[in-house]
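Letters A, B, C and D mark the chains in the order given here, with residues in each chain numbered from 1 onward.
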Amino acid sequence: MLGLSKKDTTFLLIVIFLTMATPILLQPFPEGSAMATFNAGYPDLMQRFAIFGIFAIGFNILFGLTGYLSFGHAAFLGVGSYSVVWMYKLLDYNVLPGLVLAIITSGIFALAIGYISLRRTGIYFSILTLAFAQMSFNLAYSVLTPLTNGETGLQVYTDDPQILMGENAPNVPHLFGLVMRDSYQLDLGGWLFTFNIGYYFCAVIAILAFYLSLRIFRSPFGMMLRAIKTNQTRLNYTGLNARPYTLAAFVISGMYAGLAGGLLAAMDPLAGAERMQWTASGEVILMTILGGAGTLMGPVLGAGFIKYFENIFSKINDTMLHGWFGWMPDGIEDAILFVSHFFVGKSWHLTLGLMFMLVVIFLPGGLVEGAQRIGRLFRRRGRKAGGPEAEAARQRNPGPAE
Amino acid sequence: MDAIILQVLNGLDKGSAYALIALGLTLIFGTLGVVNFAHGALFMLGAFCAVTMQRILSASYTVIDETKTDFLGNPQKVDVPYVEGWFGPDIGTAIVDWSVPLAILFAIPVMLLIGYIMERGLIKHFYKRPHADQILVTFGLAIVLQELIKYFYGANPIPTPAPEVFRGSFDFGLLLGFAENTIIYPYWRMIYFVFSLVIIGAVFGFLQFTTFGMVVRAGMADRETVGLLGINIDRKFTIMFGIAAAVAGLAGVMYTPINSPNYHMGMDFLVLSFVVVVVGGMGSLPGAVLAGFMLGILEAFASMNWIKDIVPGIDQIIIYLVAILILLTRPRGLMGRKGVMEE
Amino acid sequence: MGILEVKDVNKRFGGLQALGDVNLSVAEGSVHAIIGPNGAGKSTLLNCLVGKLIPDTGSVMFAGQSVLGRKPHEINQLGISRVFQTPEIFADLTVMENVLIPCFAKRDGAFRLHAFETVANETEIGEQAEAMLADVNMLEKRDMVAASLSRGDKRRLEMAMSMVQQPKLLLLDEPTAGMARADTNNTIDLLRQIHNKRDITMCIIEHDMHVVFSLAQRITVLAQGTPLVEDTPENIKGHPKVREAYLGEAH
Amino acid sequence: MSKTTLTRRGLLKSGIATGAGLAVPTIFTGAAWAASHSGFTNAPGDSEVVLGFNVPQTGPYADEGADELRAYELAVEHLNGGGDGGMLSTFSSKTLDGTGILGRKVKFVTGDTQTKSDAARASAKSMIEKDGAIMITGGSSSGVAVAVQGLCQEAGIMFMAGLTHSNDTTGKDKKANGFRHFFNAYQSAAALGPVLKALYGDDRKAYHLTADYTWGWTQEESMVAFTEDIGWETVNTVLTPLSATDFSSYIAPVLNSGADVLILNHYGGNMVNSLTNAVQFGLREKMVNGKQFEIVVPLYSELMARGAGQNIKGIPGSQNWDWKLENEKGARYVGTNAFVQSFGEKYGFPPSQAAQTCYAQTLLYADAVARAGSFNPCAVVEALEGFEFDGLGNGPTLYRADDHQCFKDVVVVRGKENPENEFDLVEIVEVTPSEKVTYAPDNEMFAGGNLGECNPGA
């Protein structure tokens, strides 16, 4: 189906199902219960899962397949966001023109930056991309303020032209009248599920993005990219020109990043310059490696993992801790609270840092490897691990450091 | 002319910090082949050695002063440092005043130990792993280290002044025949510059003139062969990691009077020092030092007003711009070797 | 007129004259060996043929076209394939994929954005690759990761990768270097078999006289960057200049 | 699209029979409950109301965020009738009686802005969408304040700004649902002008170093205008990168430029570093044009003063509030001592100006709801607009209807020469009365914005 093998079709169907059921799956705890804090099924976070999933899938096409580690992908994220907000300002709140423009402008940016940066390999390439992205960020924050609105972030003002704006058109982002922030709520005996239009919009695009990446992974083009990662010399002497391949991968992944940036602005009509900072590039690298570089689902898992920590763990405060552990004797409660302070609330970064270390030490293949290990536990011994991820995992570079 | 001399001075001193951090980064990379994203954190830990020293020296006991009241109207509690109690207020104050230089003595063993533990406990297991894994694990470590510091010392910068005698600045202009106040330069920054030259010289001398250094240099060039010769290169590399940590730490200690240390200062320097290392050329120690000073001076020049008038915002991007230009004209940076981290 | 014509090629590295006035002609359909002691310039010559180095002077013509200034992948597209001294393969890919890639390169040229096609659906190319793997007796290993192959298998895989492109000229850089005698003989058999079956012109750079005399129809002896003689194996065997060049060499 | 729906909180707390799959369209997590509490986002149930405290918990402003959070927790405690009641007893409006807000117990959720507009908005959205917060407050930078204010306007939630000093927050970027208690760059400069004249005379040459982003520019613009008003000459204005940590190359040329005053339009880490560097270069010991060289830091904060250590001594600047205000300047600033007392008892040290502004904002919101008799943002906006109050530590204050900016006295302070303890870092030089720092709503530094209509959301 869809030009995929049976195995891949099943895989895609599972991914589609999981994506569509996310609003239910991420609300495992009843509303009002002590564990409700750990629910993640609210629109903003679900949108972020999908959007950063797209970002990471795109990054993985470059890094996972070719091994070129770009430290500058945040620049494309930012360019995408700015494009969308500018379309709001000039045309109207329909997200479609903006998203198209986001993909085009980020593609052009990626072509220019990639064309220059890909003249070098290894860390020299990484630093070139970093330099371009940092220049973009620094300029966007200061000198380019007329274009980016600097520190405050680009937003729509009432006196903007918005030439296509109709009489009754919504003044929030929408797709032909389908307002992104609208939600349907379903209440099931204490469980509350929110089905948000914006999330489903992102989810459909994410599935398309995933499908495209699956096709690329299985295509001759994808094979060439993996060949570039493992032995570029051989590739050259086999009659293939590595440069256009890497450039194409760079531009494709840059367009993914632009799309993700555009979607960020489509969900929330503001584009901040911090999106272009190196920390944002670092984040997508971490997502990809954490989930499992070169695997299909890994980057998405990594993205979800990091965004979950950022949004859920940072919100845990003393009052909540007290609510959970208040029944304990005072001494023990204090001890637990003291230890918790290292990991939640304002210390959520520490938990994240520890997770990075633990995953990379014990699961060199990232979270996907963890999932596979668990999967193997449940399967009969001796049976060969199958499935598209096993294939992808095998494809990943198992060799030692160069 | 005086403006140019002034910015060269400023650049040298910015460059000293870049060069010292890049030197340590290159040592670790060159010897161990590990991309250490926690190197900035080591710099930060060094700076907090100075803070800790200051805290230790001013460890106090509390005396209740009935004549005064605090902000709540209760009797004022006055902290009296133990050193003042022991040595009298004058000598006591002087000792606290000298906490930054004293912290050097404290930082060397601490940083060597931290480096040793890091290498044996963590980095060792990552020699044969891909660079991406090294980046992830050391980045995780950097976050953990800086969050721990934040937990115990807060997020706010902590003032760690230089000793009284080194405050103020020296008028170079008078020396060179310019008018008064044209070229002034703080004493502590001169000390920092000299200090960095001493450290750089010591590291180079150590590598050049000792047997230990010879083995390490040989190992940097060809690890396997040296291993085959029956030399326990791993042990030497552990020591090298300790030394690199100590270099970063000392750079941090001495930097504290220039800028008050805070928990994220390591991250602020991390990206720039990577740029410096790469511009210098991966694996080249002289390259790292040269690039550090060069970028420092260029950054200082770019902040001159008339240059900013011509190209607005140039001071924001100069380092990156130069990095791009150098990497495009010299594929492996200023002095990089072929085949190092090009895959 | 040979398929490969090297005329007056000179190459200097600083003060060292690596190649001096090299002239060479490889006849179509022949197996031509280039021998010479260490440092004779064999590898430099080879690198000039495949585009890794550019000669200071002289010309290299292949099938009537100059290869000078062309990039390695362009030269490959002209029909020159190369086998390395230590096998260069795509270690992280499967054996089958290793052979598929040159097939695609042959069909689609140096670059094509075939990102929306599926490798599995390219039946024609798949059959080509399978046939090639069968030729080198590696079909049952098609799904193994290339890195896990034995050294001999890696060599055979690399030859399969070169051969499947049906090159007009196959350059082999010491194909038996570091091999045991039995392996060497297997390789000789393989090469002979390939030559007979596919009629590919070969140019072998070799150290091992046993290999050279088993395969080559013509031999060029290189010493200090200059060709000493070019002749048939029989004539080379007792040639005084050759003995002179190899004197002191432990052969 | 039908908008009849039930808020999650109202639904659950009221124990309405649920269980049947009940899917109803809403806008945001829209709400409809009791007749007086319908038609706006996140209308609270009968028993409790949720406020969202969105402060920096990581990044350079984390300590300031922590202090804001302390103030919020204190305010919630007081609103719910706990503690000693703090400024509830001194506040001129007497609607708050320690029974929560409109009889509902106040609960709160916290989040981390990371001092990034993106993260701040994400955190605020989760408070609105997940936790059902009715009001968002906090923040420690103008970029974040403007971003979150915009979000709240779109979502139909009240935004009570924390520490934000840029003119834009109630100027170019003002929003109907947003209110700022903190003062702004214009007011800083207006308050400093006369004091600077008194301190350093009217014949001075000023050199500005300015952080290169929106807040820095508005601060510089204001300072240039007011120093030129008192006869000073502006020698140069130089922008410095936000990411700069070492300002030596910007400070070194200052002496040579003929300037005799250096104005540092920096905040946070930038301010600590630039001031430390300037003192290091010995600028303050120099004589230029026959006058002692001086440094001015327009916006002061206690935490930054602590970071700069002894470098801050004698440096003038402005503050929104100081904990010594009532003791030193009299009963006009009533409330100050009550607040300091309850804050100090609970946490062991005096509150910062950020804490005071956050505490006041929470009380002001609660009071406005109580006076309006409704949580509906439009009712709250109406209650706050033009509201005149006293007893929150700043003296008589006006929440101006035109731009939702508070007008009150501005404190001009100076780094103390001999601090008695680590919290006693500044001395109050003067308090500039509010009429001196009041400007017309259409002042050109605030031009370009539009409050728009209040948005109640669903």
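Odds and ends about this structure:
Basically, a contact is a pair of C-beta atoms (placed from the backbone, for glycine too) under 8 Å apart; a residue touches a chain by one contact, two chains touch by 3 or more.
Remember, it's a predicted structure, so these values are computed and weren't measured experimentally.
When you average the Cα atoms of each chain and compare centres, the chain farthest from chain C turns out to be D. Chain centroids computed from C-alpha atoms place A closest to the centre of all protein C-alpha atoms shown. In this assembly, the C-alpha centroid of chain A lies 46 Å from the C-alpha centroid of chain C. One simple way to say how far apart two chains are is to compare their mean CA positions; for chain C and chain D this gives 75 Å. Centroid to centroid, with C-alpha atoms defining each point, chain B and chain C lie 52 Å apart.
Look at where the CA atoms of chain B average out and do the same for chain D: the two points lie 36 Å apart.
Shown for chain A are the residues in touch with two or more other chains, namely 138, 142-143, 349, 397, 399.
Within chain D, the positions touching two or more other chains are listed as 58, 62, 212, 239, 241, 243. Contacts between chains, counted with the stated touch criterion, involve the pairs A-B, A-C, A-D, B-D. Looking at the complex, you find that chain B touches chain A at residues 33, 35, 122, 125, 127-137, 139-144, 146-148, 150-151, 271, 274-275, 278-279, 282, 312-313, 316-317, 320-321, 323-324, 327-328, 331-333, 341-343.
The residues of chain C lying in touch with chain A in their complex are 50, 71-73, 76-77, 81-82, 84, 88-93, 97, 100-102, 104-106, 108-122, 145, 147, 161, 165.
Partner chain B is touched in their complex by these residues of chain D: 58-64, 212, 236, 238-241, 243, 245-246, 248-250, 252-253, 255-256, 269, 272-273, 276-277, 280-282, 285-286, 288, 303-304, 306-311, 323-324, 340-341, 344-345, 349-350, 420-421, 423-424. The residues of chain A lying in touch with chain D in their complex are 31-32, 39, 42-45, 48, 138, 141-143, 145, 149-153, 155, 157-159, 172, 179, 181-190, 192, 194-195, 264, 268-270, 272, 274-275, 310-311, 314-315, 317, 319, 345-346, 348-349. The part of chain A that touches chain B in the complex is made up of residues 63, 67, 69, 116, 119-124, 127-128, 130-132, 134-135, 138-139, 142-143, 278, 282, 285-286, 289-290, 293, 341-342, 347, 349-350, 352-357, 359-361, 364, 397, 399-402.
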